[in-house]
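Working notes, structure below.
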Amino acid sequence: MLKSKALHHLVLGSTILSCMAGAIQASELNLLTWEGYATPEITGPFEAATSCKVTATYVGSNDDFAPKLAAGGGVYDIVVPSLDAVPVLQQAGFVQPIETAKVTGFDTIYPEFSKAASLNADGSVWGVPLIWGSVSLLYRPDKIQGTPDSIGILFDPAYTGKISMWDDKSSIYWAARYLGYNNIYDLSDEQLDAVKAKLIEQKPLVRKYWTSAGELTELMANDEVYASNTWTGLTSKDVNALKKGFEVVEFSPKEKSEGWMDSMMLVKDTPNEDCAYKFMAYMQAAEGQCAIAAATGYFPVNPAAVAGCMDDAMKKDRQVGNIDFVKSLIMWEQPARLDKYIEVWNAVKAAP
Amino acid sequence: MAARPIVTLDGVTKNYGTFRALERTDLTLAEGEFVTLLGPSGCGKTTTLRLIGGFEHATSGRIQIDGRDMTESAAYLRPVNTVFQDYALFPHMTVAENIAYGLNRRDPTVAGQVSDALDLVGLGALRDRNPHQLSGGQKQRVAMARAIVRRPRVLLLDEPLSALDVKLREGMQIELKRIHRELGIAFLMVTHDQGEAMSMSDRIVVMQSGKIRQIGRPEELYDAPASPYVADFIGGSNLIDATHVTRDGELHRIELAGGIRLQGIARDGRGFATGAPLVAALRPEALRLGPGENTIPCRITEVNFQGDRIRLEVIPTGSSARLSVQVQRVGLTGGEKLTHGADVTLSIAPKDVMLFPAEAS
Amino acid sequence: MKLDRRNAPGFLALFSLPLIWSLLLLIVPYLIMISVGFWLRKYPTFVPDFQFANYAQIFTDPQYIGVILRTAKIAACVTVLATILGYPLAYLLAFTVRSPGLRNLMYLMVIVPLWVSYLLRAYTWKTILGTNGVLNSFLQSLGLIDAPLDIFLYNQTAMVITLTYIFIPFMVMPIFSSLENIPRNLIEASEDLGIGPFGTFLKVVLPLSWGGILAGATVTFCLTFGDFVAPVLVGGPDGTMIANVLQNQFGAALNWPLGSALATLVLLLVMAILWLSSRLDRTARITL
């Protein structure tokens, strides 16, 4: 009896301990990042080299960072928002400035990224660029007639029920550009009304708004949709790898693709600052930059780091040394009226 | 019973899987008759009632009701109504709604019929109550009213009084008889209470293990039981093993264990082989104190005072059989020594020693 | 007295623990939610305040009322469909299936899906209703259609089907138990009084199982009303329900004050439904 009681206590005690273990383990690093940014190929060598244990949580949208940090600190050490979500995190006080001296390799990052205004607000550096890429269009050549060259494909009634769009406020940018507005991050109320009307008008064409790269892959692979906007590189690679008897093709519309760049930001008062800086430095080294570029199909931010770990074909494919490519893109910025944009996008989704 | 038959069971059997609930049974119920199916639980009496009500269907045989073959008819097509054991009143309806349930709503006389039925059972004032507001006896009356308002040819009553307390039960017995008389329709009642059966029935059907053991008027069953089982079940009897010795006209001489010899009679004047094993049924109230034609010396093992009478448990000398004896106190002189362990001499008239072949039990 | 004093702390502990527990885990969070509903969204986050702009926004911007009405419509459809499908099943279990073994097996088949992950069950419908799904293949193999139809998935019908499937056990269970509780002799009494099976069902079985229907309908409606997974998995662009809007306010929009105001409104709606349901149940019970 005594024995079984003791055993009972032991089991109970160890259960409670193991539930709490996550909170008290030392030398750890908690990332809030994107799918593909913390694969074992990326984190494995880092863990081996530093004895920092990496745990990653994934987001589906840039709008997920602030709410997760607002819910309380102590959970994440590094967050990896795109440039357009950097100001809100900095202004809300969720992150702390970066001591760039602690990030080996910081100096060889494209200055177009490291000197970006959002990252250098208020006289401090707020983020370490990690990777960049574009948002282009994806379609099924066997289902779409001719060779599309415009955003118009997303608004073509010929493909009613076969269009998809990213469930994100960036839908507003696409509709705005389709309507010919150039000030997509600072639209007036009238322009926003027009954008909203256009997106609502588009709804019957939309089969599903996708919320993750995996979902878009599934929609494309299962014949549910024929055209969508997409994170360039990732979905096309995944769909074509499934060999469903058709191929999907990416293209940059004549209205241009959108560009993004993700940076590592340091959560305020993180207890794991050492590991965090080690990780940032690691991601600027050859191993980190090449591993993440390989895992995602996106473009490295640190040409010096990848010089030795990529062949020429890969370098060309990943726009290494071709920073002019950035100029062909419409780089994301935080909209001047973020709340208004989110409200408009929600109103579009709520509409019948 | 010259009245015409209203219910006829012709070779009816009922099986549940491999279990035979009712052996091949023939039974006739005459118009206006009050018949009781009597027996312990599991004897087939409720099955018989349910077969007539249409809640069960016969495995074989035919059932005629009011001259029509209704063996396969559904319950709602039969001109019979049932008073259920626990009344089965609809809890979501008032008393009046319960009673009107089986009547055609479009019939303008419904209200009158309901009132008449309520008056018959003496519940006129409770018509708008809900069943849960009624006492057991009141529920019983509503169940009666609901069944008779449809003017069935036969009223089936499934242990109608078993849920009532003793005092109420006696009142309801009289009430039921009155209603039976006033309606003039046949009643078929199921009960396990032989006193209830005897006091109310024109005829009693005694059942055991899915078989009818005897059918007769209450006094027939009491005076001339067809088997030790009936002798015991109706009125109660001491059943004693015996052997046949000789026959002398009507009378048979038998010997009990311990050498006690008695004279008795057999039903229907039947004969027995010499030495044949018998069962003698002796009613407790037929045994008398003091010597007589059939004398049985005994020792008292138990004395039970019951007011107007005394119940004794005795053991005949040289025997292990126990006898129950009922002594009227009116006939006692006061000299009798009726205490535990005392010896006592009993006697019984030969006509009260009812003899049966042993295998019949 | 001595005993009392010795027991007093134990008694206090015994009764105060559940009290503290419910206060901390139930009451306090609700109070926080209600009070945050009066705060103010102020970029980049929000600040404590006491003002009604959030409620004003909910009632003036048609998107919120629109979504609430849509959610109510879908919940109503699911409830009606689950009743229509669940009642006969419960009836079958309670009355038709005589063998206790078979009945237990069938009841288990109704219940078992509850032990399977919600996501998995919802996902199953995706593979059934999809363009390349089981349903389309089946219809094509029958020759009823030439090309796969895309009308089955990613719309409100798909949501209603999926949610009905997911929540139908909550409908079947209370109806089954209410049917089980109907004394069998009431049904016999009805037939004895000359009412056929259909009349007996309408006049006895249905009224007496009303409580079960009501309980099942209330649970199904409320569960559907608060669902946010089906819209994401099988709903189309017009599938947003109120829980998705709530999720969005606490997530992407980072507008906890508006989210809290909406949540308070939803809480009131659900409480109103529960009140209505208990009232209907009570009126039904008075005649019982």
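Which chain is which? They are A, B and C, in the order written, and residues in each are numbered from 1.
The rule is simple: a residue touches a chain if its C-beta (ideal position, glycine included) is under 8 Å from a C-beta of that chain, and two chains touch if they have at least 3 such contacts.
Predicted, not measured: the structure shown is a model, and the values here were computed from it.
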Review point. From chain A, how many touching-chain steps at minimum until you land on chain B?
Key: 2
Check your understanding: Which chain has its C-alpha centre closest to the mean of all protein C-alpha atoms shown?
Key -> C
Point to revise | Chain separated most widely from chain A, comparing mean CA positions | key: B
Exercise for review: Could you give the separation in Å between the centres of chain A and chain B, each centre being the mean of its C-alpha atoms?
Suggested key: 89
**Study point:** For chain B paired with chain C, centre-to-centre distance based on mean C-alpha positions, whole Å
**Key:** 56
Practice item. Express in whole angstrom the distance between the two chain centres, defined as the mean CA positions of chain A and chain C. Key: 35
Study note, to complete from the structure: So chain A residues touching two or more other chains come to none
Exercise for review: Going by the contact rule at the top, pick out the chain C residues touching chain B in the complex.
Suggested key: 183, 185-186, 188-196, 200, 203-204, 207-208, 287-288
Study note, to complete from the structure: Residue positions on chain C within touch of chain A in the complex are 41, 43-45, 61, 63-64, 66-67, 70, 130-132, 148, 150, 153-154, 232, 236-238, 240, 244-245, 248, 250-256
Check your understanding: Okay, in this complex, where on chain A does chain C touch?
Key -> 61, 63-64, 66-67, 70, 87-89, 91-92, 161-162, 169, 203, 206-209, 211, 222-224, 338-339, 342-343, 346-347, 349-352
Check your understanding: Mind pulling up the chain B residues that touch chain C in the complex?
Key -> 53-55, 74-77, 80-82, 84-86, 88-93, 101-102, 130, 132, 146-147, 150
